[in-house]
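Letters are used for the chains, namely A, B, C, D, E and F, taken in the order the chains are written, and counting of residues starts over at 1 for each.
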Amino acid sequence: MSTWLPTLITKTPEEGYDLAVKPARMAIKLTQPGRDVRDRVRPVYAEDAEALIAVASDVATHLATVAAANGFWQDVA
Amino acid sequence: MSTWLPTLITKTPEEGYDLAVKPARMAIKLTQPGRDVRDRVRPVYAEDAEALIAVASDVATHLATVAAANGFWQDVA
Amino acid sequence: MSTWLPTLITKTPEEGYDLAVKPARMAIKLTQPGRDVRDRVRPVYAEDAEALIAVASDVATHLATVAAANGFWQDVA
Amino acid sequence: MSTWLPTLITKTPEEGYDLAVKPARMAIKLTQPGRDVRDRVRPVYAEDAEALIAVASDVATHLATVAAANGFWQDVA
Amino acid sequence: MSTWLPTLITKTPEEGYDLAVKPARMAIKLTQPGRDVRDRVRPVYAEDAEALIAVASDVATHLATVAAANGFWQDVA
Amino acid sequence: MSTWLPTLITKTPEEGYDLAVKPARMAIKLTQPGRDVRDRVRPVYAEDAEALIAVASDVATHLATVAAANGFWQDVA
(Lines give C-alpha, C1' and ligand atoms only; values in the text may rest on other atoms or scores of the structure.)
Protein backbone atom coordinates (compact mmCIF):
# COMPACT_ATOMS: atom_id res chain seq x y z
CA MET A 1 0.00 0.00 0.00
CA SER A 2 3.07 2.21 0.12
CA THR A 3 2.68 3.59 -3.38
CA TRP A 4 -1.04 4.21 -3.90
CA LEU A 5 -0.66 7.98 -3.31
CA PRO A 6 2.94 8.94 -4.12
CA THR A 7 2.09 12.53 -5.04
CA LEU A 8 -0.76 14.99 -5.53
CA ILE A 9 0.94 16.53 -8.55
CA THR A 10 -0.38 15.70 -11.99
CA LYS A 11 0.27 17.02 -15.47
CA THR A 12 -3.30 17.82 -16.39
CA PRO A 13 -6.68 18.47 -14.76
CA GLU A 14 -7.91 15.13 -16.07
CA GLU A 15 -5.12 13.23 -14.41
CA GLY A 16 -5.87 15.26 -11.31
CA TYR A 17 -9.45 14.14 -11.48
CA ASP A 18 -8.45 10.52 -11.84
CA LEU A 19 -6.23 10.97 -8.81
CA ALA A 20 -9.10 12.53 -6.83
CA VAL A 21 -11.13 9.39 -7.23
CA LYS A 22 -8.53 7.26 -5.47
CA PRO A 23 -8.62 8.58 -1.89
CA ALA A 24 -12.41 8.47 -1.98
CA ARG A 25 -12.24 4.76 -2.68
CA MET A 26 -9.42 4.14 -0.26
CA ALA A 27 -11.43 5.59 2.63
CA ILE A 28 -14.15 3.05 1.99
CA LYS A 29 -11.55 0.29 1.81
CA LEU A 30 -10.05 1.35 5.15
CA THR A 31 -13.42 1.52 6.88
CA GLN A 32 -14.57 -1.76 5.42
CA PRO A 33 -11.46 -3.87 4.83
CA GLY A 34 -13.46 -6.97 3.92
CA ARG A 35 -13.46 -7.37 0.15
CA ASP A 36 -16.47 -9.68 0.37
CA VAL A 37 -18.57 -7.07 2.13
CA ARG A 38 -17.45 -4.32 -0.26
CA ASP A 39 -18.35 -6.51 -3.21
CA ARG A 40 -21.76 -7.01 -1.66
CA VAL A 41 -22.30 -3.32 -0.79
CA ARG A 42 -21.07 -1.86 -4.08
CA PRO A 43 -23.89 -2.97 -6.39
CA VAL A 44 -26.34 -1.53 -3.89
CA TYR A 45 -24.94 2.00 -3.87
CA ALA A 46 -24.10 1.88 -7.57
CA GLU A 47 -27.84 1.83 -8.22
CA ASP A 48 -28.74 4.27 -5.46
CA ALA A 49 -28.95 7.86 -6.68
CA GLU A 50 -28.21 9.44 -3.31
CA ALA A 51 -25.17 7.22 -2.76
CA LEU A 52 -23.85 7.99 -6.25
CA ILE A 53 -24.18 11.70 -5.56
CA ALA A 54 -22.50 11.30 -2.18
CA VAL A 55 -19.54 9.59 -3.82
CA ALA A 56 -19.40 12.50 -6.25
CA SER A 57 -19.25 14.84 -3.25
CA ASP A 58 -16.20 13.03 -1.85
CA VAL A 59 -14.51 13.25 -5.24
CA ALA A 60 -15.33 16.98 -5.36
CA THR A 61 -13.57 17.59 -2.06
CA HIS A 62 -10.52 15.64 -3.18
CA LEU A 63 -10.44 17.43 -6.53
CA ALA A 64 -10.34 20.74 -4.64
CA THR A 65 -7.27 19.50 -2.76
CA VAL A 66 -5.54 18.10 -5.83
CA ALA A 67 -6.31 21.22 -7.86
CA ALA A 68 -4.82 23.44 -5.14
CA ALA A 69 -1.76 21.19 -5.03
CA ASN A 70 -1.28 21.77 -8.75
CA GLY A 71 -1.78 25.53 -8.70
CA PHE A 72 -5.05 24.76 -10.47
CA TRP A 73 -3.02 23.81 -13.58
CA GLN A 74 -3.12 27.47 -14.54
CA ASP A 75 -0.13 27.07 -16.84
CA VAL A 76 -1.82 24.22 -18.69
CA ALA A 77 -4.62 26.52 -19.79
CA MET B 1 -12.14 10.56 -22.33
CA SER B 2 -8.86 12.41 -22.65
CA THR B 3 -10.39 15.80 -23.34
CA TRP B 4 -13.38 16.12 -21.03
CA LEU B 5 -11.45 18.33 -18.57
CA PRO B 6 -8.62 20.02 -20.48
CA THR B 7 -8.47 23.05 -18.17
CA LEU B 8 -10.12 24.72 -15.19
CA ILE B 9 -9.66 28.15 -16.74
CA THR B 10 -12.68 29.86 -18.26
CA LYS B 11 -13.37 33.32 -19.57
CA THR B 12 -16.40 34.10 -17.45
CA PRO B 13 -18.08 32.96 -14.22
CA GLU B 14 -20.89 31.44 -16.26
CA GLU B 15 -18.53 29.30 -18.27
CA GLY B 16 -16.91 28.38 -14.99
CA TYR B 17 -20.26 27.30 -13.66
CA ASP B 18 -20.91 25.17 -16.73
CA LEU B 19 -17.51 23.59 -16.20
CA ALA B 20 -18.29 22.91 -12.53
CA VAL B 21 -21.23 20.78 -13.52
CA LYS B 22 -19.05 18.38 -15.49
CA PRO B 23 -16.92 16.72 -12.80
CA ALA B 24 -20.04 16.25 -10.68
CA ARG B 25 -21.56 14.20 -13.48
CA MET B 26 -18.34 12.39 -14.32
CA ALA B 27 -18.04 11.08 -10.75
CA ILE B 28 -21.43 9.45 -11.08
CA LYS B 29 -20.40 8.00 -14.43
CA LEU B 30 -17.23 6.52 -12.96
CA THR B 31 -19.04 4.99 -10.00
CA GLN B 32 -21.83 3.62 -12.14
CA PRO B 33 -20.37 3.00 -15.61
CA GLY B 34 -23.50 1.25 -16.84
CA ARG B 35 -25.46 3.66 -19.03
CA ASP B 36 -28.58 1.53 -18.60
CA VAL B 37 -28.48 1.81 -14.84
CA ARG B 38 -27.78 5.55 -14.96
CA ASP B 39 -30.70 6.04 -17.30
CA ARG B 40 -32.86 4.16 -14.83
CA VAL B 41 -31.55 6.00 -11.75
CA ARG B 42 -31.64 9.51 -13.22
CA PRO B 43 -35.41 10.06 -13.44
CA VAL B 44 -35.66 8.95 -9.82
CA TYR B 45 -33.29 11.55 -8.41
CA ALA B 46 -34.44 14.20 -10.87
CA GLU B 47 -37.76 14.17 -9.04
CA ASP B 48 -36.29 13.78 -5.57
CA ALA B 49 -35.80 17.11 -3.81
CA GLU B 50 -33.00 15.89 -1.52
CA ALA B 51 -31.10 14.34 -4.42
CA LEU B 52 -31.42 17.52 -6.48
CA ILE B 53 -30.07 19.55 -3.59
CA ALA B 54 -27.23 17.07 -3.10
CA VAL B 55 -26.25 17.42 -6.76
CA ALA B 56 -26.28 21.18 -6.24
CA SER B 57 -23.90 20.68 -3.33
CA ASP B 58 -21.41 18.82 -5.53
CA VAL B 59 -21.62 21.59 -8.10
CA ALA B 60 -21.02 24.15 -5.33
CA THR B 61 -17.80 22.45 -4.29
CA HIS B 62 -16.58 22.28 -7.87
CA LEU B 63 -17.50 25.92 -8.49
CA ALA B 64 -15.33 26.86 -5.51
CA THR B 65 -12.41 25.05 -7.14
CA VAL B 66 -13.01 26.49 -10.60
CA ALA B 67 -13.50 30.00 -9.19
CA ALA B 68 -10.21 29.78 -7.29
CA ALA B 69 -8.49 28.53 -10.44
CA ASN B 70 -9.69 31.64 -12.24
CA GLY B 71 -8.76 34.13 -9.55
CA PHE B 72 -12.49 34.45 -9.03
CA TRP B 73 -12.70 36.25 -12.38
CA GLN B 74 -11.97 39.47 -10.50
CA ASP B 75 -10.80 41.20 -13.66
CA VAL B 76 -14.06 40.35 -15.43
CA ALA B 77 -16.00 42.41 -12.93
CA MET C 1 -28.94 32.22 -19.84
CA SER C 2 -25.82 34.13 -20.82
CA THR C 3 -26.14 36.74 -18.12
CA TRP C 4 -27.32 34.96 -14.99
CA LEU C 5 -23.80 34.99 -13.48
CA PRO C 6 -21.86 37.87 -15.01
CA THR C 7 -19.55 38.33 -12.02
CA LEU C 8 -18.85 37.17 -8.48
CA ILE C 9 -18.01 40.69 -7.38
CA THR C 10 -20.55 42.57 -5.29
CA LYS C 11 -20.53 45.81 -3.37
CA THR C 12 -21.65 44.45 -0.03
CA PRO C 13 -21.85 41.18 1.87
CA GLU C 14 -25.63 41.22 1.51
CA GLU C 15 -25.44 41.46 -2.24
CA GLY C 16 -22.89 38.69 -2.10
CA TYR C 17 -25.33 36.59 -0.16
CA ASP C 18 -28.08 37.23 -2.68
CA LEU C 19 -25.66 36.18 -5.39
CA ALA C 20 -24.75 33.00 -3.50
CA VAL C 21 -28.35 31.86 -3.63
CA LYS C 22 -28.38 31.88 -7.44
CA PRO C 23 -25.97 29.07 -8.34
CA ALA C 24 -27.62 26.84 -5.75
CA ARG C 25 -30.91 27.25 -7.57
CA MET C 26 -29.36 26.99 -11.02
CA ALA C 27 -27.87 23.58 -10.21
CA ILE C 28 -31.31 22.28 -9.43
CA LYS C 29 -32.62 23.78 -12.65
CA LEU C 30 -29.89 22.11 -14.69
CA THR C 31 -30.43 18.73 -13.09
CA GLN C 32 -34.20 18.94 -13.42
CA PRO C 33 -34.91 21.15 -16.44
CA GLY C 34 -38.63 20.44 -16.31
CA ARG C 35 -40.40 23.40 -14.79
CA ASP C 36 -43.45 21.24 -14.07
CA VAL C 37 -41.47 18.79 -12.04
CA ARG C 38 -39.64 21.54 -10.16
CA ASP C 39 -42.95 23.20 -9.35
CA ARG C 40 -44.16 19.86 -8.00
CA VAL C 41 -40.98 19.13 -6.04
CA ARG C 42 -40.53 22.57 -4.51
CA PRO C 43 -43.46 22.63 -2.08
CA VAL C 44 -42.30 19.25 -0.79
CA TYR C 45 -38.80 20.36 0.18
CA ALA C 46 -39.98 23.78 1.29
CA GLU C 47 -41.76 22.03 4.14
CA ASP C 48 -39.05 19.46 4.78
CA ALA C 49 -36.63 20.56 7.50
CA GLU C 50 -33.72 18.45 6.25
CA ALA C 51 -34.13 19.69 2.68
CA LEU C 52 -34.27 23.31 3.84
CA ILE C 53 -31.07 22.83 5.81
CA ALA C 54 -29.43 21.13 2.83
CA VAL C 55 -30.29 24.11 0.62
CA ALA C 56 -28.74 26.31 3.28
CA SER C 57 -25.59 24.20 3.05
CA ASP C 58 -25.32 24.79 -0.71
CA VAL C 59 -25.74 28.52 -0.13
CA ALA C 60 -23.02 28.37 2.54
CA THR C 61 -20.55 26.85 0.10
CA HIS C 62 -21.36 29.45 -2.53
CA LEU C 63 -21.10 32.29 0.00
CA ALA C 64 -17.60 31.08 0.84
CA THR C 65 -16.68 31.36 -2.84
CA VAL C 66 -18.32 34.73 -3.33
CA ALA C 67 -16.79 36.08 -0.12
CA ALA C 68 -13.32 35.00 -1.21
CA ALA C 69 -13.91 36.60 -4.61
CA ASN C 70 -14.63 39.87 -2.85
CA GLY C 71 -11.72 39.79 -0.47
CA PHE C 72 -14.34 39.18 2.20
CA TRP C 73 -15.48 42.79 1.77
CA GLN C 74 -12.85 43.76 4.32
CA ASP C 75 -12.82 47.35 3.14
CA VAL C 76 -16.59 47.62 3.60
CA ALA C 77 -16.23 47.02 7.32
CA MET D 1 -33.52 43.36 4.93
CA SER D 2 -30.78 45.74 3.83
CA THR D 3 -28.84 45.53 7.06
CA TRP D 4 -28.90 41.93 8.18
CA LEU D 5 -25.35 41.31 6.89
CA PRO D 6 -23.51 44.64 6.79
CA THR D 7 -20.06 43.10 7.25
CA LEU D 8 -18.20 39.86 7.90
CA ILE D 9 -15.76 41.60 10.21
CA THR D 10 -16.14 41.10 13.94
CA LYS D 11 -14.04 41.98 16.96
CA THR D 12 -13.81 38.51 18.44
CA PRO D 13 -14.22 34.86 17.45
CA GLU D 14 -17.40 34.67 19.49
CA GLU D 15 -18.97 37.56 17.65
CA GLY D 16 -17.84 35.84 14.47
CA TYR D 17 -19.60 32.72 15.56
CA ASP D 18 -22.79 34.60 16.29
CA LEU D 19 -22.53 36.13 12.82
CA ALA D 20 -22.02 32.69 11.24
CA VAL D 21 -25.37 31.56 12.56
CA LYS D 22 -27.22 34.29 10.67
CA PRO D 23 -26.71 33.31 7.01
CA ALA D 24 -27.57 29.72 7.87
CA ARG D 25 -30.94 30.87 9.15
CA MET D 26 -31.46 33.35 6.32
CA ALA D 27 -31.08 30.61 3.70
CA ILE D 28 -33.92 28.72 5.29
CA LYS D 29 -36.01 31.89 5.38
CA LEU D 30 -35.37 32.54 1.68
CA THR D 31 -36.24 29.00 0.66
CA GLN D 32 -39.32 28.91 2.84
CA PRO D 33 -40.58 32.49 3.13
CA GLY D 34 -43.76 31.45 4.92
CA ARG D 35 -43.38 32.16 8.58
CA ASP D 36 -46.24 29.80 9.38
CA VAL D 37 -44.54 26.89 7.68
CA ARG D 38 -41.20 27.68 9.31
CA ASP D 39 -42.88 27.84 12.70
CA ARG D 40 -44.37 24.42 11.98
CA VAL D 41 -41.15 22.91 10.66
CA ARG D 42 -38.84 24.26 13.34
CA PRO D 43 -40.00 22.21 16.34
CA VAL D 44 -39.63 19.10 14.19
CA TYR D 45 -35.98 19.60 13.33
CA ALA D 46 -35.18 21.03 16.74
CA GLU D 47 -35.85 17.56 18.14
CA ASP D 48 -34.28 15.66 15.25
CA ALA D 49 -30.63 14.79 15.90
CA GLU D 50 -29.65 14.58 12.23
CA ALA D 51 -31.25 17.93 11.45
CA LEU D 52 -29.54 19.59 14.42
CA ILE D 53 -26.19 18.24 13.24
CA ALA D 54 -26.91 19.42 9.69
CA VAL D 55 -27.62 22.94 10.95
CA ALA D 56 -24.31 22.75 12.79
CA SER D 57 -22.65 21.85 9.49
CA ASP D 58 -24.03 24.98 7.81
CA VAL D 59 -22.77 27.08 10.69
CA ALA D 60 -19.36 25.42 10.38
CA THR D 61 -19.08 26.42 6.73
CA HIS D 62 -20.08 29.99 7.51
CA LEU D 63 -17.67 30.17 10.45
CA ALA D 64 -14.87 29.17 8.07
CA THR D 65 -15.81 32.10 5.84
CA VAL D 66 -16.15 34.58 8.68
CA ALA D 67 -12.92 33.41 10.28
CA ALA D 68 -11.03 33.88 7.00
CA ALA D 69 -12.58 37.34 6.63
CA ASN D 70 -11.16 38.24 10.02
CA GLY D 71 -7.69 36.85 9.49
CA PHE D 72 -8.74 34.20 11.98
CA TRP D 73 -8.57 36.84 14.73
CA GLN D 74 -4.90 36.03 15.09
CA ASP D 75 -4.18 39.34 16.75
CA VAL D 76 -6.89 38.73 19.33
CA ALA D 77 -5.01 35.70 20.67
CA MET E 1 -21.35 32.74 27.20
CA SER E 2 -18.85 35.51 26.51
CA THR E 3 -15.82 33.31 26.93
CA TRP E 4 -16.59 30.01 25.25
CA LEU E 5 -14.57 30.92 22.12
CA PRO E 6 -11.97 33.54 23.12
CA THR E 7 -9.51 32.57 20.36
CA LEU E 8 -8.87 30.11 17.56
CA ILE E 9 -5.17 29.98 18.41
CA THR E 10 -3.85 26.92 20.20
CA LYS E 11 -0.42 25.64 21.06
CA THR E 12 -0.72 22.21 19.50
CA PRO E 13 -2.82 20.35 16.92
CA GLU E 14 -4.46 18.37 19.70
CA GLU E 15 -5.60 21.48 21.50
CA GLY E 16 -6.81 22.70 18.14
CA TYR E 17 -8.81 19.55 17.73
CA ASP E 18 -10.35 19.93 21.17
CA LEU E 19 -11.26 23.48 20.23
CA ALA E 20 -12.84 22.30 16.94
CA VAL E 21 -15.28 20.17 18.85
CA LYS E 22 -16.72 23.17 20.70
CA PRO E 23 -18.42 25.16 17.92
CA ALA E 24 -19.94 21.94 16.59
CA ARG E 25 -21.63 21.43 19.94
CA MET E 26 -22.53 25.07 20.36
CA ALA E 27 -24.46 25.11 17.09
CA ILE E 28 -26.64 22.32 18.36
CA LYS E 29 -27.14 24.18 21.62
CA LEU E 30 -28.19 27.36 19.79
CA THR E 31 -30.65 25.52 17.55
CA GLN E 32 -32.09 23.54 20.40
CA PRO E 33 -31.70 25.64 23.55
CA GLY E 34 -33.74 23.26 25.64
CA ARG E 35 -31.41 21.17 27.76
CA ASP E 36 -34.16 18.62 28.34
CA VAL E 37 -34.64 18.03 24.65
CA ARG E 38 -30.91 17.83 24.03
CA ASP E 39 -30.56 15.30 26.82
CA ARG E 40 -33.31 13.28 25.17
CA VAL E 41 -31.90 13.58 21.65
CA ARG E 42 -28.27 12.89 22.50
CA PRO E 43 -28.48 9.20 23.40
CA VAL E 44 -30.33 8.62 20.13
CA TYR E 45 -27.64 10.05 17.87
CA ALA E 46 -24.84 8.69 20.04
CA GLU E 47 -25.94 5.22 18.96
CA ASP E 48 -26.71 6.18 15.37
CA ALA E 49 -23.80 5.55 13.02
CA GLU E 50 -24.86 8.14 10.45
CA ALA E 51 -25.33 10.81 13.11
CA LEU E 52 -21.95 10.06 14.65
CA ILE E 53 -20.30 10.39 11.26
CA ALA E 54 -22.19 13.64 10.61
CA VAL E 55 -20.91 15.09 13.89
CA ALA E 56 -17.43 14.07 12.78
CA SER E 57 -18.00 16.00 9.56
CA ASP E 58 -18.82 19.18 11.48
CA VAL E 59 -15.68 18.73 13.55
CA ALA E 60 -13.67 18.23 10.35
CA THR E 61 -14.86 21.56 8.96
CA HIS E 62 -14.04 23.35 12.21
CA LEU E 63 -10.62 21.69 12.41
CA ALA E 64 -9.88 23.05 8.94
CA THR E 65 -10.67 26.54 10.20
CA VAL E 66 -8.70 26.18 13.42
CA ALA E 67 -5.74 24.65 11.60
CA ALA E 68 -5.65 27.54 9.12
CA ALA E 69 -5.86 29.99 12.02
CA ASN E 70 -2.76 28.37 13.49
CA GLY E 71 -0.73 28.24 10.32
CA PHE E 72 -1.30 24.49 10.51
CA TRP E 73 1.08 24.39 13.48
CA GLN E 74 3.92 24.02 11.02
CA ASP E 75 6.46 25.23 13.54
CA VAL E 76 5.32 22.62 16.05
CA ALA E 77 6.37 19.81 13.69
CA MET F 1 -4.62 10.89 24.66
CA SER F 2 -2.06 13.68 24.69
CA THR F 3 -0.11 12.35 21.72
CA TRP F 4 -2.68 11.16 19.20
CA LEU F 5 -2.24 14.28 17.02
CA PRO F 6 1.24 15.70 17.66
CA THR F 7 1.55 17.29 14.22
CA LEU F 8 -0.15 17.68 10.84
CA ILE F 9 3.18 17.45 9.04
CA THR F 10 4.03 14.22 7.25
CA LYS F 11 6.75 13.17 4.86
CA THR F 12 4.53 11.88 2.08
CA PRO F 13 0.96 12.17 0.82
CA GLU F 14 0.30 8.60 1.92
CA GLU F 15 1.34 9.32 5.47
CA GLY F 16 -0.83 12.42 5.25
CA TYR F 17 -3.74 10.28 4.22
CA ASP F 18 -3.18 7.89 7.11
CA LEU F 19 -3.12 10.91 9.41
CA ALA F 20 -6.38 12.24 7.92
CA VAL F 21 -8.16 9.10 8.95
CA LYS F 22 -7.36 9.67 12.64
CA PRO F 23 -9.38 12.81 13.47
CA ALA F 24 -12.36 11.33 11.65
CA ARG F 25 -12.30 8.38 14.02
CA MET F 26 -11.52 10.49 17.07
CA ALA F 27 -14.64 12.60 16.54
CA ILE F 28 -16.76 9.48 16.71
CA LYS F 29 -14.92 8.40 19.84
CA LEU F 30 -15.54 11.76 21.51
CA THR F 31 -19.23 11.79 20.64
CA GLN F 32 -19.71 8.20 21.69
CA PRO F 33 -17.16 7.47 24.39
CA GLY F 34 -18.61 4.04 25.16
CA ARG F 35 -16.45 1.40 23.53
CA ASP F 36 -19.28 -1.13 23.84
CA VAL F 37 -21.66 1.05 21.86
CA ARG F 38 -19.02 1.83 19.22
CA ASP F 39 -18.29 -1.87 18.84
CA ARG F 40 -22.00 -2.44 18.34
CA VAL F 41 -22.48 0.46 15.91
CA ARG F 42 -19.39 -0.17 13.79
CA PRO F 43 -20.43 -3.40 12.03
CA VAL F 44 -23.68 -1.69 11.09
CA TYR F 45 -22.13 1.25 9.27
CA ALA F 46 -19.31 -0.88 7.88
CA GLU F 47 -21.92 -2.65 5.78
CA ASP F 48 -23.94 0.48 5.02
CA ALA F 49 -22.95 2.09 1.73
CA GLU F 50 -24.12 5.57 2.67
CA ALA F 51 -22.30 5.46 6.00
CA LEU F 52 -19.10 4.27 4.33
CA ILE F 53 -19.30 7.12 1.86
CA ALA F 54 -19.98 9.58 4.68
CA VAL F 55 -16.87 8.41 6.50
CA ALA F 56 -14.96 8.93 3.26
CA SER F 57 -16.30 12.49 3.20
CA ASP F 58 -14.90 13.21 6.67
CA VAL F 59 -11.55 11.82 5.60
CA ALA F 60 -11.66 14.02 2.47
CA THR F 61 -12.11 17.16 4.57
CA HIS F 62 -9.26 16.18 6.87
CA LEU F 63 -7.00 15.32 3.92
CA ALA F 64 -7.60 18.83 2.57
CA THR F 65 -6.41 20.24 5.89
CA VAL F 66 -3.40 17.94 6.16
CA ALA F 67 -2.45 18.56 2.53
CA ALA F 68 -2.55 22.33 3.05
CA ALA F 69 -0.45 21.92 6.19
CA ASN F 70 2.17 20.15 4.10
CA GLY F 71 2.22 22.60 1.22
CA PHE F 72 0.54 19.79 -0.71
CA TRP F 73 3.86 17.89 -0.63
CA GLN F 74 4.81 19.75 -3.79
CA ASP F 75 8.49 19.08 -3.24
CA VAL F 76 7.86 15.35 -2.95
CA ALA F 77 6.55 15.23 -6.51
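In this text, contacts are C-beta pairs under 8 Å (C-beta built on N, C-alpha and C of every residue); 3 or more make two chains touch, one makes a residue touch a chain.
Not measured: the values here are computed from a predicted model.
Colleague: For chain D and chain E, which third chains touch each of them?
Modeller: Chains touching both chain D and chain E: none.
Colleague: State which chains count as neighbours of chain A and simultaneously of chain B.
Modeller: Chains that touch both chain A and chain B, as defined above, do not exist here.
Colleague: On a CA-centroid basis, which chain has its centre farthest from chain A's?
Modeller: For chain A, the chain whose C-alpha mean is farthest off is D.
Colleague: Chain F and chain E are one sequence twice: same or different residues at the contact, by the over-half rule?
Modeller: Mostly different residues.
Colleague: What is the distance in Å between the mean C-alpha positions of chain C and chain D?
Modeller: The mean C-alpha positions of chain C and chain D differ by 15 Å.
Colleague: Averaging over Cα atoms per chain, report the distance between chain C and chain E in Å.
Modeller: For chain C versus chain E, the centre distance works out to 26 Å.
Colleague: Using the touch definition from the top, which residues of chain E touch two or more other chains?
Modeller: 45, 48, 50, 54-55, 57, 61, 64, 68
Colleague: Looking at which chains touch, is this a line, ring, star, complete or other?
Modeller: Shape = ring; chains linked end to end, path closes on itself.
Colleague: So in the complex, the part of chain E that touches chain F is made up of which residues?
Modeller: 12-14, 17, 21, 45-50, 52-57, 59-61, 63-64, 67-68, 72-74, 76-77
Colleague: Using the touch definition up top, name the residues of chain D that touch chain C in the complex.
Modeller: Its residues touching chain C are 1-9, 23-24, 26-28, 30-32, 34, 37, 40-42, 44-45, 48, 50-51, 54-55, 57-58, 61-62, 64-65, 68-69.
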